[in-house]
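One chain, chain A, appears in both complexes that follow, with chain B as partner in the first and chain C in the second.
Then we have the complex of A and B:
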């Protein structure tokens, strides 16, 4: 700790940081633009000038940029100094020379860092009366709007997009007064993290295009702290609602998980909540006829399921909350409850859970992943399966740069200097994959081979780390495997990533062997990150009995051993092959399906009950680490949809807290779930946390087309939050952080007022709680499985492929995401395409059975591999075997094709 | 412009670099540790051969060096003397800085403007001349000055302008 004096007041600060960061950590107001809490300093904007004095006797001092000056012990500075204040006012005046002052029509207005800083620095009169520079805006795709005239050239956009997120198609162009931030020409921004530009840009150059279609000011949005349901990372978000529509999603800071950034699936994948296709009322289906069920009849139908006579099969879902899955389990009984995962994925997930209880491993948070200094990824396409982790891995490879900088006494926050010093030096990141991934550009080694060969390579890495891990039959990648093993064993914090989406349990076992071998060497728990695909895959797997396989449930139903079934928020046609599902569902006495949107499964149901979407209920989910998180309700469902657990609850109707408490008591492994609930003791006099900001406007007018009388605000008896402006204000110590706002800080940068220190934990603390305890200590290594074998000519080995936009069921039904989706494709090597006589974009039939996909020739894929991307379930992955054959089809599969597909190795003839 | 049009326009294809261009770029690559660093030299080489850097050329260089085209465009647009629009065969770099201004360059500029019917940034109808202002050519003691092609012309007068134009036209 160091002592510094700011305007005569002494503060204890961290000398490893710069003055700006430490002043903000102390809660002081100091304007800035180019500095960003997790991108460090470059000193580009000159906005954070302060006066620094040599010693107590120095009365003159000199102006310094606080972001470029270390918070060294004994520093004496002044923010309030007249000269410093004047400098900051003049700087902002010059930055704004060509700014259009179009705040009333600008979507950033009201949450604009530039507005806040202008006010803070005191610039209020524009002296420049010449012509402003104007720019042509670019079309940047369906997510982001571009309005270059508002730019103040802080360079944050390119520093995030290129330096931080590894995007290559956005750059600074031209110079001085006509500097331009854009692509080299109009076109879709390729990065999976482009949406963060909206939050990174301090003004309105990059705005949310989907939000723009139904825009509202920040203060008019009804918000609550929520958790993204797009994948298993569980990033924290703030969805905003207005006029009964979910309007946008922004990042919600969580120091352990997403920090300041989320991916584009999470940001733009919410629109299905507003879909006209949503199920609105309980209905009964007779053949093709759909009839609403009357309240009374519904009661008797539900009674029938509750009575439990004859046995009801309950199929849960990885996209449903813990409460809903638990309620279903209570209703049908443990023995009849199934996770709803496909057999293959259940087997892999159970293995993940087993390893999650093993003491020698540690499941790293996203923040911890950033700290890894040697990484190996076994088979997972992280960018498309758990995108936020891919962004963290891009930071992990920079640990080498940070180490080099430390060696040269360059502070870590000196961003440009650290990058300049390191050039292309990176910490090792080895990727074993069946096709090129979007992280290859920062990888030290890429092993591209058929899935079985990857398993062999994984075991080979483990074998070179420990004699106890059995070696596979020789693999051609032995040399690489040895290099990777050496890098891992030399690392201070090695990280091994595998998961269930690559479809090979062998890869998970190999990953476990590598981590176990490293742990034996270092006698410490090793970071083993095992990815699962969906928001609550782990949660539902913890609730379900290992032995309850979906195929058994389906065969019980098909054989008539069970005559009734409840399917909870799950489209079984995505979990097993179509014939099996149809055979199981068609002969039932009664099939009850609860879901948000119609699916192939709801169309088979006798009774369909509508359930609420993620933003319409309070729920808990378990992420890939086993971290339980609470997501609050943002807005009400105005139809008859209920949270699925409310339809299923077999006991007295209670609120969600009662349900969570019950789950914590009764379900094994969930005993810490109730820690997630807000501490009621902190709520003074029964006051609730408002979902609406204190500036929320138009409440009297928003229904005036219906009735001029303003109804009483709906009362939320279920939650500590209210549908109102009244209650506990969004103070820095509020227990629940509904939206981020502090006096003078209307933009998302206000977050610094809620952190213990910059980049630190929120004063609210709650980052979720790790539910799974590591109690088991097994010392045995897995034995390598059968080695890779050559397949016959013309037979391709299937490797599952995923896309960030399309592979997630619900976000794929959002308008913005649909504009970026492609058809199902089969990726093969140019050599295989040649020998099969196929061309890029051809329509191909799989196994000659009429299943169609588009051919995608990829230059970095091994001959003999078929990377199969199933699209939005256009191909049923469960009807595919381990190998497939391809033939050209004259039928054109769909209108989307694969144009706009973002893969890094799309093959182009002639180059 | 509809989105569809815009997307269509973004499908500009790279042209093939000529053997000479490739040879020269390859030579530059031996001089730098990093391909990114060759970007500027490659732009100059292509401009030397093509007269300017078209979108097709920009893509070709980016592809050849395997560097992001957005970064290369950043370099190309940063430097005023990399031409991203077609220019005449002879680019007139006309100094309008302090010394030349004192020595009456504005009159000379008007003279050029009248004779060739072009202003700054424009190309004469016959495609021979493009007039571009530069801040200084480092020859202030003989102001006003301008460069045409590789050649520096000093102590400019309306008569000298005539000669320069005539000389170029005679070569045709």
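Then we have the complex of A and C:
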């Protein structure tokens, strides 16, 4: 700890940081633009000038840029010094010379860092009488609007997009006051993290296009802390609602998980909540006729299920909350409750859970993934399955640069210097995959082979680390395997990533073997990150009995052993092949399906009950590391949809907190779930926290066209938040951080006022509870599975492929995401395409059975592999075997094709 | 004794005299509504939405009037024309709540919302005091004749390209190396 004096007040600070960061950590107001807590300093904007004095006798001092000056022990600085204030005012005056006077028509207005800093610096009048520089805008795709005139050239966009997120299609162009930030030509921004530009840009150059289509000012949005349901990472978000419509999602800082950034699936995948297709009232289906059910009739139907006479099969869902799955389990009983995962996925997930209880491993949080200094990924396409982790992996390869910088006594926050020093020196990141991934550009080794060969390579890595790990199958990748093993064993914090989406349990076992081999050499538990696809895959697997397989449930239903079934927020046609599902569902006495949107399964149901979407109920989810997180209700729904657990609850309709408490008490492994609930006594005078801002506008006019007499403010009897402005907003208390705002800080940069220190934990914040306890210690290694075999000519081995936009069931129903989705495709190598006589974009038939897909020739895919992307369930993955054959089809499958597909190795003729 | 006469009798005589004098002056009150009073142009009465000198809606749906309104009686929703021009999809004022404070006019960056001298807004049914955009929007510029927000701001719209707003240089050619 170092002591510095700021304007006569002494502070204890961290000398490894710069003055700006430490001043902000202390809660002082100091304007800045180019510095970002996650991206360090480059000293580009000159806005954070302060006066520094040599010693107590120095009365003159000198102006320094606080972001470029270390917070060395004994520093004496002044923020309030007249000269420093004058400098800051003049700097912002010059930055604002060409600002286009369009705040009223700018989506950033009201949450603009530039507005805040201008006010803070005291500039208010444009004295410069020459002309303003103007720029042409670009089309940047369906997510981001571009208004280049507003730019103040802080370089944050390109530093985030290129340096931090590894995007290659956004750069600074031209020079001096002509500097332009954009693409080389109009076109869709390729990075999966482009949405963060909206939050990174201190002004309105990059704005949220989807939000702009139903725009509201920040102060008009009703918000609450929520958790993204797009994948298993569980990033924290702040959804905002206005006029009964979910309008946008922004990042909510969580020091352990997403930090300052979320992916585009999470940011733009909310719109299905507003969809006209949503199920809104309980209905009964007779053949093709859909009839709403009256309240009384519904009661008798539900009682029939509740009475429990004759077995009812309950099929849960990995996209439903713990409470809903638990309520279903209570209703149908342990023995009749099924997780709703496909058999293959359930087997793999059970393996993941088993390893999650093993003492020698550790499930790293996203923040911990960033700290890894050697990584191996076994089979997972991280960018498309758990995008936020891919962003963290891009930071992990920079640990080499940080190490080099430390050796040269360069502070870590000197961003440009650290990058310059390291050049292309990176920490090792090895990727074993069946096709090129979007992380290949930072990978030290890429092994591209058929799935079975990847398993062999995985075991070969383990074998070269430990003799105890079964005999290595000889593969052509042995040399690479040895190199990867050497890198892992040399690392201080190695990380092994595998998961269930690659469809090979062998890869998870190989990952476990590698980690176990490493643990023999290390004191600490080894980071083993096992990815699952959906938001609550782990939660539902923890609730379900291992032996209850979906196929058994379906065969029980088909054979008539069970006559009634409840399907909870699950489209079974995504979990098993169509014939089996149809056979199981068609002959039932009563099929009750609860869901948010109509699916192939709801169309088979006798009774359909509408359930609320993620923003319409309070719920808990378990992420990939076993972290339970609480997501608050953001807004009320105005139809008859209920949270699924409310339909299923057999006792009196209690509140959600009672349900969470009951789940914590009764469900094994969920004991820490009730820790997530905030205590109302923590808040000022036990008052609730408002979901609406203190400047929420239009309250006496927004409903007055219906009735001029305003209705009573709705009461939220269930949670610590209120559906109005009533209550005490959480000033600096981040227990329920619904909106990031502090006096003078209207933009999201106000987050520093809620952090213990910059990049630290939130004050009173809850980062979630790790539910899975590591109690088991197993010492045995898995034995390698059968080695890869050559397949017959023309027969391709199937490797499942995923896309960030499209593979998630619910976000794929959102308008913005749909514009980026492609058709189902089959990716094969140019050689295979040649021998089959197929061309890029051809329509192909799979196994000759009429299932259509678009052909996507990829240059970095092993000959003999077919990467199958199922689109939005256009291909049922469960009707595919381990191999497939392709033939050209004359029918065009869909007009969308694969145009706009973002993969790193799309094959172009003659390229 | 003298004080008593002065305080009671003389003051009453004086009062009578003053009232008598007023018999010959012009009356201040008028026979409203037969005679209409003169209302000063800056009187804060019925709120209107004006148009710019080109005849387009001035309101850009920035929401500043709504947020400054102390009784929160303005609600609106932003929409966008094909050329990028913002406008309110609906704009509603609940006059039964309005206190005619004029903050909305002060906050308006485009001079769109203005208070007029008209004060005759009484209704028998309170619901009729909810005014929508079609009731509020007038066909003229109101009190401010010249201001046209889009001529000043840098946003590109139909008929005004980048670089054509007030004090703007032509758009930069990013591929040029000239200073």
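Keep this in mind: the second predicted complex is superposed on the first by the 906 of 911 C-alpha atoms of A that agree within 3 Å, B and C clash if a C-alpha of one lies under 4 Å from a C-alpha of the other, contacts with A are read in each partner's own complex, and residues count from 1 in each chain.
As a convention for this text, contacts are C-beta pairs under 8 Å (C-beta built on N, C-alpha and C of every residue); 3 or more make two chains touch, one makes a residue touch a chain.
Because the structure is a prediction, the values reported are computed rather than measured.
In the overlay built on the shared chain, the residue A:174 is in contact with chain B and with chain C. Shared-chain residue A:780: touches no atom of chain B or chain C.
With both structures placed on the common chain, the touch criterion links A:124 to neither chain B nor chain C. Look at A:300: by the touch rule set out above, it reaches neither chain B nor chain C.
Legend: residue contacts after superposition of the two complexes on their common chain; A:139 is shown touching chain B, with no touch to chain C.
After overlaying the two complexes on the shared chain, residue contacts for A:668 are found with neither chain B nor chain C.
In the superposition on chain A, A:185 contacts chain B only, with no contact to chain C. Of the two partners chain B and chain C, it is C that touches the larger number of chain A residues. Common to the chain B and chain C interfaces on chain A are residues 173-175, 180. Chain B contributes residues 1, 3, 6-7, 9-10, 12, 14, 34, 55, 58, 63, 68-74, 77-78 to its touches with chain A in the complex.
Those residues of chain A whose C-beta lies close enough to touch chain C in the complex are 100-105, 109-110, 131-137, 147, 149-150, 173-176, 178, 180, 182, 212-217, 219-220, 243, 695-702, 704-705, 707-709. Residues 139, 168-175, 180, 183-188, 423-424, 911 of chain A are the ones touching chain B in the complex.
Those residues of chain C whose C-beta lies close enough to touch chain A in the complex are 60, 62-64, 66-67, 69, 71-78, 80, 86, 92-94, 96-97, 109-110, 126-127, 129-130, 132, 149, 152-156, 162-163, 165, 167-172, 174-177, 179.
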